[in-house]
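The next part holds the structures, each set out as structure tokens.
After this come two complexes, each holding chain A, first together with chain B and then together with chain C.
Up next, the complex of A and B:
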């Protein structure tokens, strides 16, 4: 930012500096002064249609839109004079005049700008004697999204998102005045891989998601940031879960994954694949150690690690480099990869350290990368080489340790089964149950990325640290803990053995 | 006039790629066909490079565009504030009675379309009616018959 011209102005009596060309609203926000708004969204072009952001600027006869007024040197702005407050109240009264006020059954309740603004700036008694306009309340608009035309405040955030970001342009505003409403062209529903962002950016409950509707309340959710592990972009996400009390069987823990804000990576958006990542946090998880595919009561992960260590020790040190094979994956954090290198390459001197992973997909030119593992760059940075597994090398091993369920991505089931059958001792470390489970002597349950802390290096080489966003189930630990304990059991004093 | 791909092409061609020309091209099409056929809207969206819903947005916003075929005679009755207070509603009612259709409709023989608008910008003439582009100021229900007859004569001539 150095070199960019700065402008000095006064907002609510406080001297404020802003970049030349910034809006008054942005300058105020940067100074910690919130100005209520609906249509303004930092990731979209300004439209200035909701009139909620009015402020007083000295020298201007009328109230001005702070979202579209550019800062000038010496400007004096007031954001909470009686005049401004009265105007906000009036704008809200107009918006609410045609609003159904169905907050008790609205999914946006608790995170709705209309509710927030009413609480802070409205607070008038309803004067609407006329019957409210009735509109359609449950229109499927594609991709599991539901439109409620009564709740829509016509801010056009959704319309602008689809025109400016995805460039698919599915939604538009039709008709005029009281008849204005949001609509699709016939037979052309919303159909793009960033559709979930519409739910995030709709300031009210007009666009909701079938996956989330009527399942919980926004205020029950614990929102913690993480980095999306579903491709190599490393978008900021927010994992929203309920914690703190035992869940009934089948009840959700993670209710949704929403977009986090990271100007350096994803701005304000994430793709639908990342959003669907909520499923892999909760669904199909391994909750206990398995032996030959069945739950082994009384065997916890440290016991299982002791089993791996014993198997490794049973191979004479001189034969280990070829006799012990390991398959890692690029979902491991950089810290875990460093540990794995110390243990398997430097410590045990293994020749056969492979990497398995999801097959690449198609890059979409926006955020989603072809690479579907999050830390491929981290593998290189850790000094490991991302060699794909060789079936003969796996079959020839006396001890095989596999991290992640990805071998099925590389080999056809029959061939893989035959190769594994030839290995006397084999262990799988995985977050999810899968077809491989019964082929291994033991399966250790580990965390998914949202349940751990660490670092991923994204496709552009940006290192991003993240912390734990959801608590793992008891007995489920990060791969890092497994690696550290295994190293200790083998008498190797490496890294930081603290299982985070 | 039937809509043909070639006819549309001629109208749309000179605006190709010019997003800002949206209203102009819609007006040209409307002048020619007296309505905006769906295939025309699709063609416009494609040629100008704007989303189809945006074309629909503009087409539904302006009262001067029709998305259904219009009759050979278009009767527009103003019910803006000035016309309303000076009796525009009674004039509209008389049109509805004589033509046997509600405002916004076209007679089944395709002869007349009846429309209501909010202010034509000539309030001094209130109540105002426009039939086939001819302005009839200071209208009363009694004059409706004569106005319609004049339009019919134009057609015969």
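Up next, the complex of A and C:
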């Protein structure tokens, strides 16, 4: 913090230091003093319309907004005097005068700022004699978002997000006074790849997501941080799942993926592609070892790994460098890639180690990168070269080990099928079921990134460690365990402990 | 040897107590038949299931979901009963309701009576007074496990 000027002030009798130009609210938060607020969001410009963050500042005749007042040397701030408390009560009374008693059916209940603040600063006995305004309760505003105008407290976080972050400006506040309401500008629906953030930033339940709507309650969810594996940016995400396991048929395990906070990478936002990542954790997963595309009862993954090891051993050591081919992918963690290098390149001396992956998409200039595999930099750091697979080399192999279902991204199905038919022993290690399953001798089910711990290096070279965000689905193991066991079966002495 | 003697002694003592209750009660009931008022009455046995004791108004019996005007349950699927249930016996699946005034309704509301401890917390937690335990139904025995998972959202 050298260089930036620091300012000393007193908040609630406590000496606090803050960067010059910071708001009183930020300074208080940094000192562990919570000031209630709705419209203030650290990722957006200050608006100061909710009037919830009023504090008493010595020398000012009236209460001041802590979110928009800049700290000054020697400032004396009080956040919990009777005057401040009374003001908060009055502000909340006005907000709640028009707020429906929807908590039982509101998705936001349990993580709602209005509920939290009411618990601390509420005027519990209502004195509203007038009839509440009735407004529309279910307006689709595009991208699976539903607007409830009764619940809206007009904090304009969503309006500011769409103007300042995505710069698409679909939403606005229309009409005046009690008639003010949130609406779509020119009737154009919300249509941008960051729309899911509106649900996260809405401090009440005014904007909810169709995908999550009514599925569960916020307090049942176990929230654990992870790193998004859907592009090379490596945004911080929070995987929200139910802990009780196994589940009844049709029940969801991961209910949603929301934005985590990482100022160095994504700030407070993630894209909708990352949010949809919840589907790949739950849907289309392999749960048991397959042989020629059919479930093989009684064959657990150690048995399948023994099968791979036997196939590799059947190739004479002198012919292995050309006879055994491996296809890796950049979704493997750096630890697993290091293990793969030790095993396939240093240990077996293979010449044909390829990398398959998703086709690059379109970068949107905000967070989403064109590269759609999360650990491309990690591949280089591990000392591997990201060569795309060559069909002739695959077809010429006597043993083929493929990690991930990405070969279909590189070759069309017919040619790939013919090439694989020429390989006498072929094994697939994959988290998801796919068209490749029946082409391989055996398919091993493995974890998705959210189910394992490891390190990804993002497109800017930032190495990010993450830990397990969801308990693994039944019957799956991390790729690292497969690699370590394969190495042990082949008599190679490489870091077994690193795999776990 | 002394252990066996103690056992015989205890059996005889127990039989004596049972016999005493039998003769005392028989004597009291016989006196009652002849209209003699005694200070103590004979023990009362209810001949269940032919004869039933009335249940207290606050007695907690099998759950029910109170219907709305149109017969559908008034439950809004807020899952507070699921949250509060100490036996974790309630499963609620919510669905969108076509009525905009209702919005959220249960697609499935199951109480697993195998696990329910009849504490009545669900009744207390319900914000819309939808679940009640006032059916008076206490004969819940069954030989089929599936019978204990009761769907309350449909009759």
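One rule holds for everything that comes next: the second predicted complex is superposed on the first by the 491 of 500 C-alpha atoms of A that agree within 3 Å, B and C clash if a C-alpha of one lies under 4 Å from a C-alpha of the other, contacts with A are read in each partner's own complex, and residues count from 1 in each chain.
Operating definition for what follows: a residue touches a chain if its C-beta (ideal position, glycine included) is under 8 Å from a C-beta of that chain, and two chains touch if they have at least 3 such contacts.
Small disclaimer: the values here were computed from a predicted structure and weren't measured.
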item: Partner chain in contact with A:60 - chain B first, chain C second, else both or neither; value: neither
item: Contacts of A:163 with chain B and chain C, given as first, second, both or neither; value: first
item: First, second, both or neither for A:124, with chain B first and chain C second; value: neither
item: Chain B versus chain C as contact partner of A:94, first or second or both or neither; value: neither
item: First, second, both or neither for A:138, with chain B first and chain C second; value: second
item: Which superposed partner A:213 touches (first chain B, second chain C, both, neither); value: second
item: Doubly contacted chain A residues - partners chain C and chain B; value: none
item: For the chain C and chain A complex, residues of the former touching the latter; value: 76-80, 83, 91, 94-96, 100, 103-104, 127-128
item: Chain A residues touching chain B - in the complex, by the definition given at the top; value: 159, 162-163, 168-176, 183-185, 188
item: Contact footprint of chain A on chain B as seen in their complex; value: 50-54, 56-57, 60-61
item: Complex contact set, residues of chain A against chain C; value: 103-105, 109, 137-138, 213-217, 219-220, 248
